[in-house]
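Okay, so chain A shows up in both of these, paired with chain B first and chain C after.
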Partner chain A sequence: MNEFASLSPLLILVGASLIILLLEAFGQWSKRWLHSLIALASLGGCAIFAATFWGKGAGYFQGTYTLDNIAILMTVLFSLAGFLVILVSLSYMIQHGFNRGEYFSLLLFAVSGLIIMTTSEDLIVIFLGLETLSVASYVLAGLKKEDEKSSEAAIKYFLLGSLASSFLVLGLAFIFIHSQSFSLKEISFVIDKSENSPLFLIGFSLVLIGFGFKVALVPFHMWTPDVYQGAPTPITAFFSVGPKAAGFLVLFRLLRPFLEPIFSRQNLQIILWLLSALTMIVGNLVALRQKNVKRLLAYSSIAHAGYLTIALMTQDGQGLIFYLLAYLFMNIGAFSILIALSPNGQEFHELDDFNGLATRAPWLAASMSVFLVSLAGFPPTAGFLAKFYVFSTAVRQGYTGLVIIAVLTSLISVFYYLRIIVHMYMSKQISKITIKADDPILLVVIFFCLYGVLQLGLFPGRVLTLIQKAVLSLPPL
Partner chain B sequence: MSPVAFFILSLLLFTLGALAFLFKRDLITQFMAIEIMLNAANLALVAGAKTWASLDSQVVVFFVITVAAAEAAVGLAIILLIYRQKKNIRSEEINLLKG
Partner chain C sequence: MDKIFRLNIKTTVIELFLVFIVFGLVGVLLLFLNALLGPKRTNPLKEKPFECGSPYLQKDINPFPVKFYLVAFLFLLFDVEVVFFFPWALVFRDMAGTALIIMAAYLAVLILGLIYAWKTGAFEWD
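Presenting the complex of A and B:
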């Protein structure tokens, strides 16, 4: 149970990022292959070491750090996301003028923040993990120092992010005043005795605001499109996958004791219902009038947060994690295509830049189509199965109204995803932008994401049983 | 003094901070407003420790102070970057990204 070794995934990441910082400070490097190699190796090591604790339920620090099976799955997922993001940024960072070693160590710090968030059942530690992630993310968003858009993304992310974390701290204070503890387990004991205390409900809503900001639920989504558009593209890919997955997993753990059917916590359910419906409707409708594909993908990620909230309400852990995994492959894939369209410090991400891509780079256009079709939720891709699992559980639990909204808004989303495909395949004029399709590492990542999307869509059995095992191994509350 | 008075004070401070964040148009002032909100939450945490005679939330206050310091370091650097580019730090002039 109490093993120091269970900290190894985190220690590897933090150690590697410190070593990279030292190398950067004291070494004379023009090429940073050693930095990237250390970063990649540490992410791989982190995933492998985490996997060795499968089924053991190890932990440390008196239960504030518990590497349970879900945490292991998420650690592997975050390491994979970090790994792919580093691979796709290798040539991008040189061409876009942020060829600095700090980039790798900041990314590793961000990934360790994500892991801290998902391996704890203590609100303080979750908060600290969130801040480790956030402070690193603010810098990452503004890494292109010469680009005013990048700085703008950083300042917007910073101001709104710290606003959200101050709400989170106040919420923690309220919860503590009500239940005398920060541990989720102890809080859930207290909650049985006092039904619907207003103090607790306020505290809980404030915490929900804090995390709703991170995962971009609708009244708190204002930063998302700006930050996604302004930040360097590989970082945007990371933002759209990592913090979202961690935020939803924390919310899943947080809400688990309070959504049991026996309690029928009406208030909480109504709040979540409204958040989910609003997020799906606003995200999809606003995406319709976007001309910039990077910004369009930002609104699409808001819409996906709405679908994921349905999985939260139904406490469908299996559906949630499968959705997050599918989302990782399709989103990093789509952003890798955008990276292929940003040569030499320029970014061609307007809709018209995609005109005639199918004739100029047929492979890129074909893979982009698969990712978009998957994001829209067509079979036989991972996106379809993910949505199918989440929606069918929701129907079984009687949330028919919400599922109808979800299906209708998915239909709307088909329109804007297909519009990009139409631009690529059916446009008469052909845009003259330069395409950077000769970077072998980028192509490997795109191919890997393509494989992931199709594998999860056609043969999800193995992954699903793995996730099911992890979810079933959660202790009953 | 009863802890309730402290809660009311902390809520007042928090609201003041939120209002300042909404209505001020200067990046540094907005950042200070956030610091006021964080400290209001700290006050509530300390009051909670007094109510329950427990040290848990006192410790959290230290964590929050540390986090606020880290955020300040990063935030001021970003504000400096904005100043170098635009020669001012008025938040309504940060408007390249919209739609």
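Presenting the complex of A and C:
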């Protein structure tokens, strides 16, 4: 149970990022490709080493670090996200003149923060992971030093993020006063199921605010569009996948004891219901007016946070993780297309820049259409199945009203996703910007995401059983 | 933990919370009270950014180098390091071997950061 080896995924990532920093400081300028190789190898090693602990339930540090099956699944997911993001940023960072050592080591630190968040059952360690992730993210958002929007994104993210963190810490303090413990297990024991302690509710609401900020739920979403638009595109892809997945998984673990169907925790359910409905409505309605595709995807990511909250509320772990996995493929795919549309350090992400993309770069347009259709939730794509599982569980548990809102808002979302496709295929005037889809690595990533979207949409069986096994292996309460 | 003690903690915290809320409300009230009660006599001259007569000589603020922020960063590095040393020293006698390894790993990471800062020229003034 208590194995030092179970720390290996984290140690590999942190070690690799330190080595990359040293190489950046002492290495020769001509050997820059070594950095990306080390980063990719460490992410691969992290996923493989984590997978070897499948079903063993290993841990370290007196149980504050537990590599259970869900944590392993998420570690693999985060490594995959990091891997794809590094691959798509290889040519992007040369065009935009990033410092490679800093970029890769910050990205690896961010991924290790995500892993710390999902592998711990101790609230303080979860907070530690969140801060590791956040500090790296603030810098990553502002990596385009010459670009005003990027600096704006970094400062906005930093100020609002540290405010959200302070809410989170205050909430943890309240929870600690009530239960005298930071361990999720002990907290769930201490809570008297009949008692509705105000201190505890205050604490919980504050913690919900802290994580709601990270996953962009609606009253706390103000930072999302600006940060997503300003940050470098590969980093935006990472933001929309990584922190969201980690935040939802932590909330899933945190709320598990309180959302058992036996005890109707009315207050908490009402809060989550309202958050979810608001997030879906506002995210989708505001996305309708967006002219910039990167910003539109930011609002779409807010809307998806709303659908994910439904899975959180129904405690549907399987649906949640499957949704996150499907979201990884379709979102990284869509952002990869945006990266292909930013040649030579300029970014052409306005809706009009997509005019006639089908004739200029037919393959890019076709893959973008698949990703958008999947984000909207059409069958045979992963997005459809993900939404189907989440909604059907919710209906079975009696949240029919919320599911009606969810389906109606997805219907609204179809409009703005299809509008991009209309611009690509049916526009009369063709944008003059020449797009050369000549970066083979980027094309491989797009193809891989396409494969992921279709595989999860058509034959999700094996992945689903894997996720089911992981969720079932959670200790009963 | 003793139950009475826990109860006391709870009530004190609620009281503290209430005090904070009351002070906050009074603060917000005072902010708006000024705008509400104060007399408003404006004229075009008063609206100018530089009120006492002579127009300003220079229009923009020129960018100037902010060099101390790097020093502040590095100071923070060592400052936080020392903060961690105190609790470490307290438990050192109980868990000498492990504590030594943990602190060594911690210091190694910090020193690597320092080396990186040094090598990339954070200490060069110009």
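Keep in mind that, in the parts below, the second predicted complex is superposed on the first by the 471 of 477 C-alpha atoms of A that agree within 3 Å, B and C clash if a C-alpha of one lies under 4 Å from a C-alpha of the other, contacts with A are read in each partner's own complex, and residues count from 1 in each chain.
Operating definition for what follows: a contact is a pair of C-beta atoms (placed from the backbone, for glycine too) under 8 Å apart; a residue touches a chain by one contact, two chains touch by 3 or more.
In this text, all values refer to a predicted model and were calculated from it rather than measured experimentally.
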Applying the document's definition of touch, where does A:Glu24 land relative to chain B and chain C: first, second, both, or neither? second
I'd like to know which partner A:Leu472 touches here: chain B for first, chain C for second, both or neither. neither
With both complexes overlaid on chain A, does A:Leu274 touch chain B (first), chain C (second), both or neither? neither
Examine A:Glu131 and indicate which partner it touches, taking first as chain B and second as chain C; both and neither are also allowed. first
Which partner does A:Leu458 reach: the first (chain B), the second (chain C), both, or neither? neither
When the two structures are overlaid on chain A, which partner does A:Gln180 contact: first (chain B), second (chain C), both, or neither? both
I'd like to know which partner A:Asn292 touches here: chain B for first, chain C for second, both or neither. first
Of chain B and chain C, which one touches more residues of chain A? B
In the superposed view, which residues of chain A touch chain B and also chain C? 174, 177, 180
If you look only at chain C, which of its residues touch chain A in the complex? 1, 6, 9-10, 13-14, 17, 109, 112-113, 115-116, 119-120
Which chain A residues qualify as touching chain B in the complex? 124, 127-128, 131, 134-135, 138-139, 142, 145, 148-149, 151-156, 158-159, 162-163, 165-167, 169-170, 172-174, 176-177, 180-182, 225-226, 229-230, 289-292, 295
Residues of chain B touching chain A in their complex? 7, 10, 14, 17, 21, 27, 30-31, 34, 37-38, 40-42, 44-45, 47-48, 51-52, 54, 56-57, 59-60, 63-64, 67, 70-71, 74-75, 77-79, 81-82, 85-86, 91, 94, 96-99
State the interface residues of chain A toward chain C in the complex, per the touch definition above. 14, 18, 21-22, 24-26, 174, 177-178, 180, 198-199, 202
